[in-house]
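The structure appears below as structure tokens.
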Amino acid sequence: MSEIPQKPFFSHIISLRVRYCETDQMGTFYNSRALEWFECGRTELLRAAGVCYAKLEEDGFFLPVIEAFVKYLNKARYDDLLEVKTSMFMEGRARIKMQVDISHRESQKPVVSGYTIHIFTNRSGRPIKPPQFFYEVFRIRN
Amino acid sequence: MSEIPQKPFFSHIISLRVRYCETDQMGTFYNSRALEWFECGRTELLRAAGVCYAKLEEDGFFLPVIEAFVKYLNKARYDDLLEVKTSMFMEGRARIKMQVDISHRESQKPVVSGYTIHIFTNRSGRPIKPPQFFYEVFRIRN
Amino acid sequence: MSEIPQKPFFSHIISLRVRYCETDQMGTFYNSRALEWFECGRTELLRAAGVCYAKLEEDGFFLPVIEAFVKYLNKARYDDLLEVKTSMFMEGRARIKMQVDISHRESQKPVVSGYTIHIFTNRSGRPIKPPQFFYEVFRIRN
Amino acid sequence: MSEIPQKPFFSHIISLRVRYCETDQMGTFYNSRALEWFECGRTELLRAAGVCYAKLEEDGFFLPVIEAFVKYLNKARYDDLLEVKTSMFMEGRARIKMQVDISHRESQKPVVSGYTIHIFTNRSGRPIKPPQFFYEVFRIRN
């Protein structure tokens, strides 16, 4: 699709430590935790852009995940300090893609890389258009 | 308190296997998982008594945990088959105590033992009286 | 690749109920839980084929997830009874693909669909060949 | 017991935000998450005292939870900023008690309060004496 932007609308980096409860008996993080870290990354990306996702839901706008992809590249152990880089793209005018790259903060060795795709829905799960201010915040041509 | 019953109103046993995602790098289950197994036990105790907790919430009755206690007695590893025995007590007329004993199903070696205490609330979290049928199901003198 | 089989080597169906701890404030299951259900599906697929994954790890063979993909198709709520259908494919001679389709058991309405890709590694995470019996169990030409 | 100290050996405060994955359909955090936040608190308490728990495990000293207690006092919602205050006590010479009080950071409204009790074990789970430096770090009379 020609409308897909070449550059992200917004990128943001956070740090987090692997919690003990996120490890499994293989000694690294359990695979599903990556999606929870993706969530931390996008919450803070939105906040950095001026959008409080908790407020968005209060106003009746929800951003459920409709697709997720994760590539597991290297181990990360309990207490390791990770860097989560999230980049937001629009796919067309209603789908949001959050590309996430997680790496060890010091060595920059990659840990996981992937994305989630989101659509806006109302409280009952029906797809709706993004709120007007969302276009403005991210300077998307409406 | 003299009203505290000596015998549970209802007891129920279920089996479950330790999931890989419930382990941690110590090689046993992560401590917080016990509370999730307690939840499985009380959902099925209520169902066995004829009370569907999902339906209860739809009808506006909620049973949040207000207190939890767990003693960790022995390890349980990934794929171990456990037995969860839940016993329901009333404390006074509004507090429910769910006593839970989890053991290895075959050896009966104890794994954890503890309890959760619950009160009935409405959707906004305000304490309310149990629904009438609740007294009837459990043959509690109202 | 011409070696990729058209048919799965093995398929298996299990049932599970959505736990309360797997829901989130959107009222459906939290997105990362799907990967935990995928794990339940593949553990039981392997067991049905005669392979105990816990035993496999004791013997020094690990099957970490190296890639995961999930499409979220419909809601599933607390206490909903789901059906998890897992199909195992070999990609070449060392990569295992577990295709998973989760649906509501009664209505067969799809909930999530996706896959995980696994390789065999030793205890320290180095890729190794599958154990000989693995080829035999699944009647894979070695 | 007269040996129980009246004052904690060490106290430490951290902040954390409620993650979306930690909520449940009641709209507040799921009860077992409290124990995961307790873990965050004690990891950072130990680090602040100069003890890296990850290093402790590498050296063969483990601190499993043998008992946990939680009182749920008030709701905390997704994205709420919480303060986790952890205080370490010794019970006798081998049991460690981590008292935890979690409150809303701004309003100081309490959220949960409780404790975990830990003993030192070796890798195979057998109780052992704390490492010598542990007594020194916390200036405990050995």
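Order of writing sets the chain letters: A, B, C and D. Residues in each chain are counted from 1.
Assume a residue touches a chain if its C-beta (ideal position, glycine included) is under 8 Å from a C-beta of that chain, and two chains touch if they have at least 3 such contacts.
The structure presented is a predicted model; accordingly, all values stated were derived computationally and were not measured.
J.: Relative to chain A, which chain's C-alpha centre is the most remote?
T.: Relative to chain A, the chain whose C-alpha centre sits farthest away is B.
J.: Once you count every C-beta pair in contact for both, which comes out on top, C-D or B-D?
T.: B-D
J.: How many angstrom lie between the centres of chain A and chain D, each centre taken as the mean Cα position?
T.: The answer is 29 Å.
J.: Could you state the distance in Å from the CA-based centre of chain C to that of chain D?
T.: Computed value for the inter-centroid distance: 35 Å.
J.: Express in whole angstrom the distance between the two chain centres, defined as the mean CA positions of chain B and chain D.
T.: 24
J.: Using the touch rule from the top of the page, what residues of chain C touch 2 or more other chains?
T.: Those would be 20-21, 25, 32, 36, 57, 77-78.
J.: Considering the complex alone, what residue numbers of chain B touch chain A?
T.: So the residues of chain B in touch with chain A come to 20-21, 23-25, 27, 30, 32, 77-78.
J.: Per the contact definition, I'd like the list of chain A residues that touch chain C in the complex.
T.: Interface residues on chain A, with respect to chain C: 25-26, 28, 31-36, 39, 57, 62, 64-72, 75, 116, 125.
J.: For chain D, which residues count as touching chain A in their complex?
T.: For chain D paired with chain A, touching residues are 17, 19-21, 36, 39-40, 43, 52-54, 57, 77-79.
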